[in-house]
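Next, two complexes with subunit A in common: one pairs it with subunit B, the other with subunit C.
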Partner chain A sequence: MGNFLVWAIWLVAAGACLATGLRVVTASNPFSSALSLIGNLASLAVLFLLASGEFVAAAQVLVYAGAVMVMFLFVIAYLGGRADAPWAGGTRLIQTASVISAVSLLAVVFVALMLNAGGRLSDEAEVTRAFGSPGEMGRLFLTDHLLAFEITSIVLLVAAVGGVVLGMRSAAEELADAKPSLQQTVASPEEAAR
Partner chain B sequence: MSAIFVASGANGEPWWIALIKALIVINLVLFGFAYLTLAERKVMGRMQVRYGPNRVGPFGLLQPIADLVKLIRKEAFAPASANDVLYIMGPFLAAFTAMTTFSVIPWGPGWEIGGYQVNGYVADLPIALILVFAVGSLGVYGFIIGGWASDSKFALLGSMRTCAQLVSYEVSLALSVLGVVIMAKSLSLVDIVGAQDADVWYVIPQIVGFVVFILAGTAETARAPFDLPEAEQELVAGYHTEYGGMRFGLYSMSEYINLITLSGLAVTLFLGGWHGPVVPGPVWFLIKLAAILFMFIWIRTTLPRLRYDQLMRFGWKVLLPVATVNAVVTALLVVAL
Partner chain C sequence: MSGPGIPWYLAVAALLFSIGVAGVLLRRSPLIVLLSLEIMLNAANLAFVGFSRLFGEMDGQVFALAVMAVAAAEVCVGLGLIVAMARRNLALDVDTLTELRG
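So, the complex of A and B:
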């Protein structure tokens, strides 16, 4: 019974994952694309749950489905989110190229998985109570994977600084923006006199 | 099998008891929502030197029922240009996420009834606190989707504002409870309540975290003085401008239930949960819950609304640094002592 339940949930979650993933790239409306991506992340979280990674599942929903996708929706809603958005569709060449690259990426992942774990995929893994718990994840981050953890944090810091720099307007630019309106106010009385 | 499925049926409790408890708790929360609206109107009335609702039933006690009947009987109209599926999905998503969260909040020690073990919570998850925030962050979509699908400028601007405010204050809210998690060394709310019984109520060592939690929580539930998403003078009614009848009722319900859940979380994390002398656990939980809710109503009647730039500045430049420093200092002290 328990096994059947796990299979049923896996089937539903995996199916939802594929369906929403396809919808992300096929939907003409960017808003529904973004919503499908949220659904995709949520069904991925269910797959994580089935693999005993409850912390990863909750973190996935909290960070990606919750925080990151809100920003996506925010921007799309402000930009209009209509089907005539400039990023909708693309030329035939771009469409073909993206399909080919997606398929080859899938093939690479598949081959890498088979080469590394081909013989062990059907073995049942030993899962202890501590597996996937926050404490265990923290221990792994600060011991076995410390370098990767620290490098990721530096990359994120660089990205944050880059975002601030890109978004920052220099004082000269603001002055240049302010000038036309200033000139206009000076010029308009002359125009009125003329 | 995954640990999360084991955990929900653990401690010798049959699964169908958890199901019955879930049903009871959801209905109690809905009942609590109905009478919270009445209590709020009554208390606000008294604080503004007037009576508040007193016509329907004795002392106006049937007012929430009358409101419900009115909302249900209203026509469920929708703007012609609205995106139908999303327009209907919005309020349901908001209400669903609001009602889910209360399941992990413990309200009693657990009893043995008729030979069956009955735990004082619906579910005890090892990651309960993260689950609360994760589900809460999904609840934001109910507001965004509703505002966007209405295809109305006021609704869109209102939902953008809601979204910006909720995302900003969610960070402070999550950081403010980090001190409690570090002290209790657990993310399970049942464990956190147990740790406070063994130690002290965390409101004493974590007073900074508690204040940040209440302030960020007020903003997170969009209540005065942080009720900018519903600033009538600027946005008509915010993201639910185009909603009427019970669809609006669901939005209103989800806001109040979020407030109840947040207060329950404050009781659980900072005020010792259901622990207390003489009277049984659930009664203590209700007393503390009522006290926190009264405080929220009190704040609402007392303080005027902030400006939008003040709100953002306060969230990012005051609340977030304070919450971060509190978490770091707590971590250092826990390691040092």
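So, the complex of A and C:
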């Protein structure tokens, strides 16, 4: 019974995951794309949970489906009608080539998986209840993977600085905006002198 | 483990990755390209978590978290670029954006 329940939940989550993924790529309205991606991330979190990745699932919902997607929705709302994306680009030849390359990539991945690891994928390791728990993750981050942890923080800092620099109005833009009023105040005394 | 084995997870990850690749190659809007990139990163994450469960080592999950942080950084810079493009009244279309000069 428990086995059946796990299978049922897994199938629903995997189906939702693939369906929302397809919707992200095919929707012409960017809002429905972004909302479908939130569903995709949530169903992926369920799959992570079933593979005993509790902390990764929680981080997925908090960081991805929460913070990152809110940023996406804000930008789409800020862009308004300009964000509208009629769905495909390029000539029919390019579209066909894109689909063919995606499908062939899928085939290559499947063949590589089956050839390389065919028999060895079935015997899973026994894990304790601590596997994937926040405490264990924290211990790994502060012992074995300390360098990766620190580098991640630097990457995030650099990205934040980059975001601010990209968002800053450049000096040329400020001047272009300020010019009309500046010219008026400068020009009027000259005209009076003439 | 009761329930589906790791090959099923890997199959879903491969399918999801291909969906993301198709999105990046097909769509013209940089927003949708970024969303498709997120799908690809998450497919890789699913494979990481699946293999981590298979081998009983948590290093894969640690790397999945690192991938998440990198994705957040990428979204930060990518959305900054898109907003900067929109403010300069450039077309939001990756086919017409062929110059890097500001």
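Just so it is clear, the second predicted complex is superposed on the first by the 134 of 194 C-alpha atoms of A that agree within 3 Å, B and C clash if a C-alpha of one lies under 4 Å from a C-alpha of the other, contacts with A are read in each partner's own complex, and residues count from 1 in each chain.
Here, a residue touches a chain if its C-beta (ideal position, glycine included) is under 8 Å from a C-beta of that chain, and two chains touch if they have at least 3 such contacts.
Predicted, not measured: the structure shown is a model, and the values here were computed from it.
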Subunit B versus subunit C, judged by how many residues of subunit A each one touches: C
Partner chain(s) touched by A:L35 [first = subunit B, second = subunit C, both, neither]: first
First (subunit B), second (subunit C), both or neither touched by A:S52: both
Which superposed partner A:G132 touches (first subunit B, second subunit C, both, neither): both
Contacts of A:T152 with subunit B and subunit C, given as first, second, both or neither: second
Which of subunit B and subunit C A:A77 touches, first, second, both or neither: first
Contacts on subunit A seen with subunit B and repeated with subunit C across the two complexes: 2, 6, 50-52, 55, 59, 67, 71, 78, 127, 131-132
Complex contact set, residues of subunit C against subunit A: 1-12, 14-23, 25-29, 31-32, 34-36, 38-39, 42, 45-46, 49-50, 52-59, 61-66, 68-77, 79-84, 86-87, 92-95
Residue ranges of subunit B in contact with subunit A within the complex: 1-5, 86, 125-127, 130-131, 133-138, 140-141, 144-145, 147-148, 156, 159-160, 163-164, 167, 170, 187
Parts of subunit A lying in touch with subunit C, wherever the complex brings them together: 2-3, 6-7, 10, 14, 17-18, 21-22, 24-25, 30, 33-34, 37, 40-41, 44, 47-48, 50-53, 55-56, 59-60, 63-64, 67-68, 71-72, 75-76, 78-79, 82-83, 85-90, 95, 98-99, 101-103, 105-106, 109-110, 113, 121-122, 124-127, 131-132, 136-137, 140-141, 144-145, 148, 152, 155-156, 158-160, 162-163, 166-167, 173
Interface residues, subunit A side, partner subunit B - complex: 2, 6, 31, 35, 38, 42, 49-52, 54-55, 58-59, 61-62, 65-67, 70-71, 73-74, 77-78, 81, 127, 129, 131-134
